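Which chain is which? They are A, B, C, D and E, in the order written, and residues in each are numbered from 1.
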Amino acid sequence: MLSSADPRGEHTFPQLIARNARVRPARTAFRHKDLGIWQSWTWAEVHDAVRAYAVGLHALGLRRGGKVAIVGYNRPRLYWTMAAAQWLGAVPVPVYADSVAEEMAYVLAHAEVTHAVAQDQEQVDKLLSVSERVPTLKHILYDEPRGLRDYDHSRLHPIDEVIDEGRKRLADGPEAADLLARELEATQPADLAIILYTSGTTGRPKGVMLTYENVLRAAEIGCAFDKLNESDEIIAYLPIAWVGDHIFSYAQAIVAGLCVNCPESPDTVVEDRREIGTTYAFAPPRVFENMLTLTMVRMEDAGALKRRMFKFFIDHANKVGEKILNRERGVSLWDRLLWRLGDLLVYGPLKNRFGLTRIKVGYTAGEAIGPEIFKFYRSIGVNLKQLYGQTEASVYVTMQPDGEIRADTVGRPAPQVEIRIDENGEVLYRSPGVFLGYYKDPEKTAETKTPDGFVRSGDAGFFDQTGHLRIIDRAKDVGRLRDGSLFPPKYVENKLKFYPNIKEAVAFGDGREYVACFINIDLVAVGNWAERHGVTYGSYQELAGHPLVYDMIEKHVDEVNRSLASEPRMGGAQIKRFLILHKELDADDGELTRTQKVRRGFIAERYAPLIKALYDGSTEADISTEVTFEDGRKGVIAARVKIRDMKTYPVEAPALEMAA
Amino acid sequence: MFYREAGQYKTSYAADMAVFPLREDRIGLAVIILAAYALAFTRNDFLLQAVMIPFLIFSLAAIGLNLLTGYAGLLSLGTGGFMGVGAYACYKLMTAFPEVNVLVWILLSGFFSAAVGVLFGLPSLRIKGFYLAVATLAAQFFLQWAFNRIPWLYNYNLSGAIEAPLRTLFGVPIIGPTATAEVRYLVVLTLVIGLTWVASNLVHGRIGREWMAIRDMDIAAELMGIKLFQTKLLAFAVSSYYCGVAGAMLVFLWYGGAEYTVFDINQSFFILFMVIIGGLGSLIGSFFGAALIFIMPIGLGIALPALLGPFGINVGAEVIEQLRFMIVGALIIFFLIVEPHGLARLWQIAKQKLRVWPFPY
Amino acid sequence: MRAPDTPILAKGDVLLAVENVSLSFGGVKALTDVSFDIRKGEIRAIIGPNGAGKTSMLNCINGFYHPTEGRITFKGATRRRMRPYEAARGGIARTFQNVALFKGMTTLDNIMAGRSLKMRRGFFWQALRQGPALQEEVEHRRVVEDIIDFLEIQAIRKVPVGKLPYGLQKRVELGRALAMEPELLLLDEPMAGMNLEEKEDMSRFILDVNQQFGTTIALIEHDMGVVMDLSDRVVVLEYGRKIADGKPEEIKRDQRVIDAYLGVAH
Amino acid sequence: MDLLFKIFVEPFALMVSAPDLLAQTLWEGLVGGVLYALIALGFVLIFKASGVFNFAQGIMVVFAALTLVGLHEKGVPAVLALLLTIAVMFVLAVAVERVVLKPLVNQPDIILFMATFGLTYFLVGLGELIFGGEPKVMITRELFLPQGATDLQLFGGVVRIQHIDVAAAVVASLMIAALAVFFSKTRIGRALRAVADSHKAALSVGISLDQIWIIVWFTAGIVALVTGIMWGARSDVSFALQIIALKALPVLILGGFTSIPGAIVGGLIIGVGEKIGEFYWGPLIGGGIETWLAYVIALLFLLYRPQGLFGEKIIERI
Amino acid sequence: MAFRKLCLGALTAALAGAASLPLPAIAQETIYVPLFTYRTGPFAGSGIPVANGKHDYLMMLNERDGGIGGVKLVIEECETGYDTKKGVECYEAVKSKGPVMINPWSTGITLQLIPKAGVDKIPILSMAYGLSAAADGNVFPWVFYPPATYWDGASVFLKHVAATEGGFDKLKGKTIGLIHLDAPYGKEPIPFLETQAKEHGFNLKLYPVAAQDMQNQSSIWLNIRRDRPDWLYIQGWGAMNPTAVKEAARTGFPMDRLVGVWFAGGEDDARAGGAGAKGYKSLNWHAVGADFPALQDIIKHVVDKGKSQTPKDKVGENYYNRGVYNAMLIAEGIRNAQKITGKKVVNGEDVRRGLESLNIDEARLKELGLAGFAAPVKVTCSDHSGHHAIYIQQWDGTKWVRASDWIEPMRDKVRPMLEAAAKDYAEKNTGWPKRTEPCDKSS
């Protein structure tokens, strides 16, 4: 493993690329599914291209400290742009490809970019449309020439031409090479490597400045932790402006010399991942969740025999799979053999379908993942782990070491990371990856960074008995019941939502006597369940109000209560009453955000009679709501909704003090 | 189930256009070929002589007809005749030039049937479909007549039959009474594998695309610069070549001698069954079809008495034969109903199922 | 691969001249004394009511029908009784009113089939599928991939075309015609049966083809909006006779055209 | 030169010198042609109404005749056996519709063609299982068919006319006339013609496709029975008879697959053509050319008219 | 006879007793006799009675005598459908079970098996069919062709013609027609007849009938009418024969001048012609009818016990008796082999020797209960046919009646031609093995 203390002193990415070209020139560095096949580039070719590119960019006027916007989906040439810019000491500023012109204009102007590199015509159009508002922008480069033939090319350049220009200059004389050598030496570890804009939930995006040292140290931590090396494959499909992609697909790739694969298009990621068979993967929980749901739904359509076989082996995997993966003792030989057989018949093929056959380690982060889902993947032999990270930390805050992997925690502090939890339960951390500051925003920087170098994460959490960190909610969302016990609504809701039958849950309780909750059933899952159990229904509303459905949901809620009771400080948040909503929460009605997040306040207002009923002890309540149908018409649906009382469990765990 | 596609990515067009792009398929094929060769060492004469050798030869003939009917869309009922041309040409050549190795003649004899095929393919420019099929019947009946009536073709043998004289390869008899079933099986297997490989190359390249183009939409094909006539004739030539070689192999590597009746209209139908049941436009289907049409009745002949025996029903050989006919007929209809596109499609579906295993789709 | 004796035409030269062409089947006259020309690099529309002889005209141009009278001159050469494949070799490609794809083949193979003309390797190498033949396949595959990329049909590359929706089939058919690298592309109602979005896409592709590759295009289309937007010149047929010829604006004003056709459409 | 003489002069000389032989040859040709036409008629009926190229027509001929004779052998009176055989052919038609046609509706022609191969196999097995494989003598007398022959003194020679052949010609003519009436005068018949054009059109007449298929196959079964009786009376009833059905194929080419008059005229042309060819030119190359002569005649004809004698001219459209 | 039966009975009883002992080795002492038959397909009409005759006679031996020499026969039919493909399948299927000989009953199948016989050491008994040249035992030690070849048949036909016409010199200028199946089988007599035509100055006319036109012979008969042959010889099989007889009757050909080879002499062949067939002649070398002790035994032990597929009234028909004759040759071959080798359970090589020294004289026929059933048969190492005497039978409208004495074939003419043909065969099939099998003395 390399560290920044390497005597050769490679402390920037261009230097590491040069090293890779030296150490492993023939190994594939990048692949891109294009024109039907995986076009490949070796480290030597990449090195060569980046050098030429840097010269070309220099010729276009890019200088040390200049900012280069990079807009588009994951493409090798866009990653090379980062390296070429960094070679010259300029700062790449990746921008979300799907951001609208307005946001782009802000980021570009705020970062004062001089050059912008776009993936295709669409992004070029966007850039051109905002170029007036970005007076610093001089040149626009693009990767895919399609449709751009007739554009005015006075300030528009194909990347290939720029690279060719660089090649020509390098061939023409030693000046260009000298320049490259000079610039390479001039960059220091503490120099600004990249600015990543985070789309804050509120307000303008903030530009997180990370130095070479930040990014490199973080990447090295990750590589060392999971023993990544040049034989690994990763698929780059997450937005390049997101820190995760930058660390995984750029920094770690260059540090470990592994191969980055760019999918053909966002729609083909699944197939492309399957083709490549990545060994190292990252995906947000919803990706894993979707895969599992799809698996279950599809298996419903399989023949009876196959379904029984599937169930048998999945049950078996549930029993022993994780233990086998964790190399725990106490699994009988028979169970191991059976698991092997299951691997041949079920787990292996499943992993194959998911493209996870060769997976060494997979990460999920960003949100809590359902324990069932998490366990499922682990039990079939996918080494799935959670981590907790932030842009400001160059990702890594906590990680799960092998053998200590649990669904409900995000793991121990990552190497070289210190964590403390303040009196409000907010998590603070300090590490080599901690960022320089927000670009052109010292105020915000000061708000986030404590004088002693800790960063406020904004998340509430606690360490459990095993020393693992648990994140419960955004710090500002955590409320308290009247008796003062903690009420983290999202934590409770997530626990509910882990059941496939429950699509949404909205928990109430801040400042009230007890916790009560709205539940939205999942039509697909419950519909399937109903079909199997002979429950007939004519509408969603009817299904939602069906007593058997209530019974089923009650069981889920009961389980959630039991698990809450067993957790420190969470016992008070047990659900006393719940009801099943008669309609699906819908973004068209304003109940959800467009990203499908619950708008708690709006719902509370809209369903006020129901909330009232939840807290006044009545067993049912009437409600009528205006809804928007798919064709845009509006209508009113009225319903009488039943309410169930739940049993709560005595709190087992001692109420730990939050300050660890 | 056995597919582990993850990690099988193609970085070149050559790899992407390979006939078997998936590693598991390549392994499977290798295993099948090895097993096929291993079969020779079972020394089970019944298996080799009565099952495997004819199965392979008929598969080759079915491939030949499939190239014409399945790929180029030209229905032919003259397969038996074209096979006969190969057999008689081979006989003439090998008796006229005994010093040249017989394998050369087997492979060359196909060119004669190709020429005859082209001749009878000439009407295909003007006539199509069933009309063309009946036109090929003219070839069938004329050729059959010629094999019987032109004594020069069978060297004026009094028996009117052509017989396989002793011929050796590296000193081992491969043709003639002393050639063991194992040796002939190995020769047949090797020839069939080689020729199948060539057929696979053809259908996966420009020529195969042109054939399929005229099959699917001949007018559009012509307007794209494909010369219909040449392409159709090429299909006739290649198809007849395969049939001819199969015919020569049939006589010299299986029967050991034959009368002209071997190449009668029933032979043509027999091969056509194989092609259709196996799947039009599929090489592997030709093998499946040959297996079903040729091996299944043999299996039934063995299985039926065993099945009926325990029930005390002891029937004569002819009842078995009649039941065999009925079952084969019913199965043909059954398979057509279940999968009109032939066993090859079932195979594809099965493969697809294995690929998406455990999912149903 | 231009034959050495054919003149190299500049943009705007007459690429194809139709002179006094008449066509009849038995006693029925499909075309009567039609003359017009198509110039290099233009988009030429042929419009007219149903049964006006538009498709027959295209059929004559690419040699599927042989005019009873008159002559057709392509790139300065007049061929009597030209066979369709000769037209194709000469550089005329076309698409069809009712999609005429090779249903049993994949998108890729369909477009590859369009490269047949350009493929040179003979039977021997084809049979081996090694060396030169494979090399040739790869070369042409590269070209085909560019077309696939151009038409944005990557996702259906290996799907049998029979399973594709109509709009995509039309696109594949265009791709197949483009694979021939034609000098003159005949499009027979390329947008028939398409929804608005598909029509827009198709229009964009047609314009791109015309501008990017400089391909001369003759198209039959019923959607007047499309015709007026796309074409440089329009020829109008009615009952097998030419009734007007000119720029779209002129055609729009032509009384006979309005009477015969536009009046109904608008 | 000698060869040319033998080809172009001698046969004609023989025709002129022995007009009785010519007359006899023509008569035999016509009789053979009628029987070919009958088999072809079975094909045409089914092809017209269901688009199926029914390869099993040959075995249906054998099966029908075998049932008739077989029943009689088992002691059933001839007329009752005839009625029972008709009933069997009806059951067969229903079974074919249920088991073969219905599940394969809308499949390509070649698949249906293939299915009739399966049917052939099945019927061969079934027929032999029930009735045994040995040839049987047609119950000519019991069916009141005439036997014996009349010698006509013509052209200074004798032309022998078999009564059974006359009967065959008469029955065939009646049969064709009946079919013609059936097709043009009855509602079902009109529906049958409509179905040849489009399946929907037939539905508008108020007859379901299933019924139509049953009727057509049943009709073809009757035709097969008649053919079987007539041909059986000429030689005997055995499974070898099904091979003759192949002779109907050139007839079909010549007459067109969908034309009933075509089947008749084609049958006569092929019948007469092959007899004349075999008789006058066959000896030149050793005889036995009958087996392929019909196909070659048909093939040459096709090159001239690819759509057959009565088929419609095809104009290719795109 | 009685004594013999007694002995046999005692032997059988002893064997049965032995068999009842728990000694599986003895219980398995059987001789495997596969019969290639065709009860299906276009030639089933001829195939069924033959199959029945073969099967029933051997069955009778099992039932009556407990097999041959005390060893039970395992009789297994294999259905060939007269199809060469299936014949080869049958051969491979039975080969592994140790058959003592093969009776292919199809010229096509015989041709396939001839080269294999010597290699697999299984003799082929092709009784009056197959490859004529195979009658030369010096070249074909493994193939047997008793009691006569097709050339013998044709020569007897000619002798009959000459006798009727009043001598060979009367043949000059006559026209003799051969109506034959257009296949190697049908064409067999042609070379012999051609040489005879040259020698005696008659005119030979050929009327080939294609297999698919077997039942559609009208143009052939037109030709016959034109050529007006004086005599017609039928070399046909299956459905061709009844059709030919019928056509002859229809066209008024004089039936007593129509002679069929022995395979054109079935009752069904003649019956088809109805009353008009009266007078039709065919060759034969064994009797028709069931008035022989052996046939009565068949009825008693097999048919009446329901162990046969034959209706009682068909026992004794021509082709049935041919099957019986064939089975008799099989049985005698085995018995002779037992005698020569002294073994009870014999194998193919033994039976080859048995067949090669076969000598069934009148006495033996009598012993068998077949006195007068056929002429004596003798096979030698060099002569695998014997060229035995043949007689002419005639159809009286309902049954076959004998119409001539035994007529000896023209052995002097046939034999040299056969030997030349055998030589030719061996030459053309390079590597044809020289005979190495020693010759046993005829018994």
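Rule of thumb we're sticking to: a residue touches a chain if its C-beta (ideal position, glycine included) is under 8 Å from a C-beta of that chain, and two chains touch if they have at least 3 such contacts.
Source: prediction; values computed, not measured.
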Reaching chain E from chain B through chains that touch each other, fewest steps: 1
Chain whose mean Cα position lies farthest from chain D: A
State the pair with the higher C-beta contact count; candidates are B-C and A-C. B-C
Give me the ID of the chain with the smallest distance between its Cα centroid and the all-protein Cα centroid. B
Tell me, please, which chain's centre (mean of its C-alpha atoms) is farthest from the centre of chain B? A
In whole angstrom, the CA-centroid distance of chain A from chain C equals 49
Which whole number of Å gives the spacing of the CA centres of chain B and chain D? 32
Averaged over CA atoms, how far is the centre of chain A from the centre of chain B? Could you give it in whole Å? 56
Please compute the C-alpha centroid of chain D, do the same for chain E, then give the distance between them in whole Å. 38
In chain B, residues with contacts to at least two other chains: 12-13, 16, 141, 145, 148-149, 219-220, 223, 265, 318, 321-322, 325
Which residues does chain A have that touch at least 2 chains other than itself? 36
Using the touch definition from the top, which residues of chain D touch two or more other chains? 128, 133, 246, 286, 288, 291, 318
Please output the residues of chain E touching chain B within their complex, sorted ascending. 37-40, 44, 48, 51, 76-79, 81, 84-85, 88-89, 91-93, 95-96, 107-108, 111-112, 114-116, 118-119, 131-133, 182-184, 187-188, 191, 210-212, 309, 421, 424-425, 428-433
Looking at the complex, which residues from chain D come into contact with chain E? 14, 18, 21, 24-25, 28, 31-32, 128, 132-135, 137, 147, 149, 160, 162, 231, 234-236, 238-241, 243-244, 246-247, 274-275, 278-279, 282-283, 286-288, 290-291
Touching residues on chain D, where the partner in the complex is chain B: 53, 99-100, 103-104, 107-111, 113-115, 117-126, 128-129, 133, 246, 249-250, 252-253, 257, 285-286, 288-289, 291-292, 295-296, 298-299, 302-303, 306, 308, 316, 318
Chain C-facing residues of chain A, complex: 34-36, 146-147, 149-150, 264-265, 267-268
Per the contact definition, I'd like the list of chain B residues that touch chain D in the complex. 75, 123, 126-131, 134-135, 137-138, 141-142, 144-145, 148-149, 219-220, 223, 265, 269, 272-273, 276-277, 280, 318-319, 321-333, 336-337, 340
